[in-house]
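I have a structure I would like to understand better, so I am pasting it below and will then ask my questions one at a time.
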Amino acid sequence: MDSLLDVRHNIPWRQAVVSVDQFSRTDIEEIFSLADRLAVGRTMPLTGKCIVNLFYEPSTRTSSSFYAAMTRLGGSVIPINEVNYSSVTKGESLEDTIRTLECYADAIVMRHFDDDASERAAAVASIPVINAGSGAAEHPTQALLDLYTIQKERGCVDGLTVTMMGDLRYGRTVHSLTKLLRLYDTTLKFVSPRELAMPPDYLSAGDEQSNDIDDVIGNTDVLYVTRVQRERLSKEIAIDDSFSVDFAYSVTRDHMARAKEDMVLMHPLPRVGEIPSELDSDPRAAYFRQMRYGLHVRMALLVAMIGRD
Amino acid sequence: MDSLLDVRHNIPWRQAVVSVDQFSRTDIEEIFSLADRLAVGRTMPLTGKCIVNLFYEPSTRTSSSFYAAMTRLGGSVIPINEVNYSSVTKGESLEDTIRTLECYADAIVMRHFDDDASERAAAVASIPVINAGSGAAEHPTQALLDLYTIQKERGCVDGLTVTMMGDLRYGRTVHSLTKLLRLYDTTLKFVSPRELAMPPDYLSAGDEQSNDIDDVIGNTDVLYVTRVQRERLSKEIAIDDSFSVDFAYSVTRDHMARAKEDMVLMHPLPRVGEIPSELDSDPRAAYFRQMRYGLHVRMALLVAMIGRD
Amino acid sequence: MDSLLDVRHNIPWRQAVVSVDQFSRTDIEEIFSLADRLAVGRTMPLTGKCIVNLFYEPSTRTSSSFYAAMTRLGGSVIPINEVNYSSVTKGESLEDTIRTLECYADAIVMRHFDDDASERAAAVASIPVINAGSGAAEHPTQALLDLYTIQKERGCVDGLTVTMMGDLRYGRTVHSLTKLLRLYDTTLKFVSPRELAMPPDYLSAGDEQSNDIDDVIGNTDVLYVTRVQRERLSKEIAIDDSFSVDFAYSVTRDHMARAKEDMVLMHPLPRVGEIPSELDSDPRAAYFRQMRYGLHVRMALLVAMIGRD
């Protein structure tokens, strides 16, 4: 583990994106500036380049996003899904799989069920590796696109009050985003059932915790909603079927009426009732624009990591 | 449903191809003329464009055809198969899936098990949607390619006698083709077991119905054969194992001997005995050329819908 | 079968690569020379071309290698995996599948569980077919890349002593490579448990057989290691759990110490213990470079078979 932590802390993000811990504000500004430029252009700087989408866990949303990012830049993608059933893993170590695939491609985008998988991959790879979600630990490109969404929707990040609501205990998305927001001058508020509260490691002096969105909705600039998975909650507390956890941590028309006029409503998707579709036409609903910002951030990462100078 | 019917009847086909009901003869002539030009050219007008092949049901034949059409035009394809197992549908509505994927792509080609799926998709999508088969209802691009095959093989459609044989009750292919042929001056004949006859909705005065191909083979210009699925037929009537339904609605060398010398023999494929492979070398056997015509029709649709002017 | 054997022996390899029996030294030199040129260049001679990767058996390693080869040359790939579950094979004959796919693509790369599948495909196809592994019989592109690896690592093939170790009875890789090496002036040695010895058909006067790597390690220029699958061995002999077949036919640090300084250590991968990862840093360990050579050989085959003159 020690050597893996070394990887995380010392490896430049252009070589391997394994954790949000690798990024400084300067790095982020550089990536976002590149994303801005790629969003409008029709350049194809990765023509002739090839990445592998190596997904040990299915995630059509994330793999499609990288797929589209790469092909829009002129490159191509080798899709490797359901790796468990494939010959790649017939008893083969992750390290051997990586060393094989690096012979074919210019970068590896990887989702894996182990927390340290992308660090292990980065430790042996001679080509860039991008963590597209590893275990419950990290999903750094999601955090970057969430931050980019805030900046694009509000013009800046400094000075904002960001409220995260839902399953804050297990959600790797909110963990990673929280870390990135600490690089900025933001006020953070966390709304969740007590059993799914933000783990202490991620908390800081000045954070506000609550179990009721009504406490904070009026002062929130960005409301980031995640799903409370009933199956997770029921592990923690005895809930009877009549307890509507979905409803309790959902956003309603009434909440939106009391929210700021320029509040940004975000969700990593998929949603299952936390935000009813009747809110989709509210101009503050940014969750589908968030998907498009994600495309641009991933294009920027690919160009920064494997483009020619 | 009302609003969905509105979609079907009012949406221009360049925005969404959901049903053959959208096409006039003029539309079809325009598509076929474009298909002719794309078939011979080596232009790549969709370079930098990207479509999603969103297949809730597997259909390698149709998805491969769109895949080839798109890449031959210079574009790329995000393949999403077996959607049921993927994160896209983890409780997510079809509408949310479409609104996510439209952030990544320039068009969505969709096969779904629900009859109204492509209309629901078209109702929310801001990019073109193409129905590549929805439930038992529609498969409009198959009908277009079938019609294009007739035109290419015979030079015109008006004046022809077209006979459809096999499972006419459940075959969406023959339903859609029948609708398109009504736009032309054609004579239609239907040959099937009584239990699998053409539904009355699709019939018109002047159509001939029979349960024996021998009645009509001599006067037929186009013989369109589809499979009688034993499992479907056995739902309708008690058949014993010795009843050879396959044989009864198959084409033989003897039929071909009595058929016109310029008859066109078609089949949407896959076939399982309805047309024995010994007929493949007969110049009238057009079913493999039909596949190639399909490629050109799909190229034409893609260019018409997402190409730049 | 007779007509299929005719295919194998008479069909030019540019039309269909079905067996190593098709290649002369001159053919091989031409392919290797093309591979050398494509390895360094950044040309994209297959822009606008399209192949199908038709894999009836999963093989991520081989399909990824062809995928990367094709896209690096500017072309695109239609991936068809797990064909058994797809509509292509719903009762459809292999011949019909091939005749359908040839309407969409410029070549078909095919892996199949039947020994004669690629010959059957080649017999009906009007576009090039490449056998990417058929049954237990042939894997010609693997044999070519193995031979290319030897030539690149040693500068030549003539005069070398090549030792193959492991499961020589069922390994199609070693069978095909043995045939190709007979075209050169090489000395062959075979090391295996008696139950998994090289079949007599592949043996020649002058070959040395042994069941102990220690007998031959000192005189070996190329050591080609394959996996002994415990499940296969246990079919042949009663082995108790304590018998470490893995260990008995593995390479150790000690073996490497007694091997020639310029010996080439190869393995088709995946490995499961036959070569411990501690040997990876030995400069003689060529198995990951072997993957890269494979990419170049497959690029050369694709250009030779479907490139424009």
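Here are some notes:
We just call them A, B and C in the order they show up, numbering each chain from 1.
Definition applied: contacts are C-beta pairs under 8 Å (C-beta built on N, C-alpha and C of every residue); 3 or more make two chains touch, one makes a residue touch a chain.
Since we're looking at a predicted model, the values are computed, not measured.
Interchain contacts join each chain to each other chain, per the touch definition above.
At the interface between chain A and chain C, under half of the residue numbers appear on both sides, which makes the contact a different-residue one. Rotation angle relating chain B to chain C: 120°, from a CA superposition, given to the nearest 5. The mean-CA centres of chain A and chain C are about 40 angstrom from one another, to the nearest whole unit. In chain C, the residues touching two or more other chains are 76, 79.
The part of chain A that touches chain B in the complex is made up of residues 42, 44, 58-62, 64-65, 67-68, 71-72, 74, 76, 79, 269-272, 277, 288, 291-292, 294-295. Those residues of chain C that touch chain B in the complex are listed here as 48, 50, 52, 76, 78-80, 83, 85-88, 90-93, 95-96, 99-101, 103-105.
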